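Okay, here's the structure, questions in a sec.
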């Protein structure tokens, strides 16, 4: 019933589960435990993440990134509110209107920005254009950014700080979609605190599934005023697992001894190697700097065809554009193989 | 980090994960696979459940029973619609208004019934009272029942058929909340088809978590017209796992070779034994027949106090009423222990 | 195109528009004016009602009672919240789930009470049963009562005060559905302040349409914290008229020199006379004291048949139960006529 | 309490009520009538509009344009659906997210287009890009256009037909926001049928308030499958007036003997005259052709200052851009006065 390993660069959500996490699940499977987060592992999760983030945080495991984003934002935003975000933000382009639904109809306010990142300038201008008090215009209450971005780029700490300052100055909560938080962290080499609340982040969608967990993400809440409303919204959304300890267990294992960083570093490293080799070929160019584990390439259509014919799964965005994603469990030989296919196609 | 086993009769959601399911997860963890349900295991899941239910069914794994119920019903019900259900139905009393939210404000129409079950008579009268076409009254589009019920009782097949006939006669979809579907099935000794679509059920919340799965429930869709709308609603609700194969794997293992029935039969058997022993004590009486794995008891307050003092976790509903729930992984010695405590209290 | 006057006791919403209000509309129709409530009449409305209610109030005209109730409550209630109300409250039984929809899925928590009124005892017990902090249970944030009630009965001032005290003690906002506020006020002979904020009412659906206005109701906000959120919710609900001055004009005329009280007193008086005459007949009994303009009667089916045959429009609730509603513009001769029909039927 | 006439070009919603409509209201105010649209005038309204539109239509009066648009679209669109519209469409930029809220979270998909109009080319490309069947992408079910547009421009009949063909070819309902339907109709000189269902329009927000009615708009439904769902949604939204006949009466008077066209023609004529005179001045240019009653001008900031200093109310969009709106009840002398102010400023 299982599938053969294949040269798969389609997405990091095709990954396996990290063995350490599977082992932790097995180890945790002893005897009954309180449900809905009243168990010992869930308590340990809050302690562990509070230590990790050097702050008192509350952690809510959820089943998907869409749930993490939409419910985090619903806790921040009024039904007549608005959310400033990048025009290519996942919440705007690829979550089926989940945020609009869970907020009761708030508006996403998309902003432009190179390589899928917002600049302080753009955000500042957008904030200055907000029509506060105008009853038929959304009244923004949140900024949402994605770190690492959907283009595989990473905000620098000073950029985050500038965005956070503007957001808070305008009374906006600062949400970070961290579906690839670990990859960004590995890229920057800073602490989780430095990349989040120390730069103003109030609430974080903390991705784990793409980087080794089994269908488990987390919402990490820095702003304590958001904890209670979020807890009810999650339950009402069907996002509060009864056997919560198995989600907590995964997240505990995920961060223990820096596992999540090692996994992300490996994934990032594979991307760097693959990107460099491909970009060195004639007719191939990177569309964005490769800072995490996503590679966007412009390349000859025939080279894409050759990759596909060679058994590689890639996300083709147009005739001559592909996205490649590397994974914590990616195999060096698959990298070698894809490079070899590309080189051969390049010589023809 | 794990907890000591304890004499826990609080709920079946305090249970562990069935070892067979954990093993299946480990076995499935090889190499990449397509995401969001496009993988081989998800396809196998539809085949497996179609065989199990002797019908072409579509299966959507979801993270919780609340999600299963609310989203199943949202696929059946208009925002100006209504849902006939028992006044003690979980969807009405214990899911925080999830159904109201996901349907866009449909009304639950609670009906009375002994032992938390609806009779055909009651349903028939309710249907005859529906004010069709009256614009300020909900226009019902679904009947929802719970099998086994929240009181631990089980609808007989002819009762289900009668309810299904009335529902369909009134143009209502028939939803079954099967959080304890396996326990009911084990009690009746019939086939899954007999207890569902052959009696008119259109869509089923198929519980697995309480009976051995790890935070994985399923929606089983018999009425093909509900498949497409449900698939979008699930994605929008943040209920479509990216690594769906790990949910599919659990559900495949759960039903393979009748595992789910063996687990439920064990749980039911423990309940029967415990209930008989306790009900034989003076001052103790069953508040409902014990047909699945739930026991509702009226007993002397001092006996409850003794149970709690003896380390037993029970759901105390009042001074003299408790609910006890047995589990697939319950220990015979815990049953013995609780009976012993009760007997000793009875002698004092 | 207009209809012939008929003996119509079906409802007070079959009424005409009070001539004073029509004249005010004509008088106000001169030259352009700012839109969406930024006009002089809307400002005057706030001043006029602040004087009337002896408090700084904000008035939002809306198009229907359903909008007034559902949006008032949406401003008070969280999506995971709840609203305590009578089981026969109009918001629960006759507004098609509007409150559930506008609140994002809050639960109505219906309570029993004789003659459609809640007692302090019942409310107190309900409040004591609230499961605060339980994540899968609604967390109530409002009490809603109807004054005069849907049964035509009127809460006394001390009863209102007791309900208000309990509500505030539990942290609930106190909403009054005053679809027949004027009728209740005329019955009690107290001031608007005495029947509202002085007894703890935070927000009031102030009915006008049934008592002489032309499709214009008002939300009167006593609690200033509700003003801003409500203003946005109204706009988003399509309830902010562009030519708001014509709604303001109606409401100004409605309360000027006590017009609304005179209209309601007339309506109440007709009800009293009609009820006394009918209740004196054999086999006829009042099902609730007639305190406003609603009469609920138990009477011989043949007498109802005779009324209908005689051209009277009544709301027949069962074979032997009818509701009669009198209006500010009711005609004495219609009262006489209905009494005569009933007396004749009584003699046969 | 009334205001002095002023030189007001801010919007057409600052207008008075047409005397014919006020008179009709007074004439209709005789005796009781059935409520909620079961009255004779409401029946006459359906007949009158069916004759006007040369088709069997159903008319639902509503209180605002926002309600008309959002509820029309909610009847067409699934919660996981989408609506193609112009990026400057009123539903997207100026209705506070009403459509997102009433649809349960559908996405608006904004498209570019000169002078706030969509071309068939742009729509065709957008339709070809729809990712049908992709579960995390909105699945469009409607096209919405504004006629006359928010820029005062008017779609030609062949343009409407082309849009309608593309919409229907893609399975989309075709909604027209006709807040200024009469102005567009007067501009084109065609029949209502030609500008609506004969070009594929399925449902129409038929504006009346800006052109003489008193806070009354209408939804005109051509596609009979939308009638029933819309009727319930309106009631649940608090948009079903109890004294519906007074809304019906207005709309009957509005279209009787072509009143609405005469009013719109007058408004359009004033706009043409004003635009021509201003555009002839040095430094002044029209930003869009003046086809209805909206004028968008680029002009010297000092000239705008002079207008404001001279008592004119205009909508200033930037230092050098204003919008002027003429009205059915606009005064020739106000047009003269504004031209004179501009000419004087031009000479300085």
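Chains here go by letter, A, B, C and D, matching the order in which they are written, and residues are numbered from 1 within each.
The rule we apply is simple: contacts are C-beta pairs under 8 Å (C-beta built on N, C-alpha and C of every residue); 3 or more make two chains touch, one makes a residue touch a chain.
Bear in mind the structure is a predicted one, so any value in this text is a computation, not a measurement.
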Inset, instruction - Tally the contacting C-beta pairs at the A-D interface and at the A-C interface, and name the larger one. - result: A-D
Legend entry - Inter-centroid spacing, subunit B versus subunit A (mean Cα positions, whole Å): 34
Legend entry - Inter-chain centre distance, subunit A versus subunit C - centres from mean C-alpha coordinates, in Å: 51
Legend entry - Chain centre separation (subunit A, subunit D; CA means) in Å: 42
Inset, instruction - Indicate the residues of subunit A shared as contacts by at least two other chains. - result: 36, 66, 79-80, 95-98, 101, 104-105, 135-136, 232, 235-236, 240
Inset, instruction - Work through the pairs of chains, note which ones touch, and then classify the graph as line, ring, star, complete or other. - result: complete
Legend entry - subunit D-facing residues of subunit B, complex: 36, 78-80, 104-105, 135-136, 139, 229, 231-236, 240
Legend entry - Partner subunit C, residues of subunit B touching it in the complex: 66, 79-80, 82, 94-98, 100-102, 104-107, 135-138
Legend entry - Residue ranges of subunit A touching subunit B (in the complex, touch as defined): 1-6, 8, 10-11, 13-17, 19, 22, 25-36, 39-41, 44, 62-68, 70-71, 95-98, 101, 209-210, 214-215, 232, 235-244, 246-247, 249, 252, 327, 329
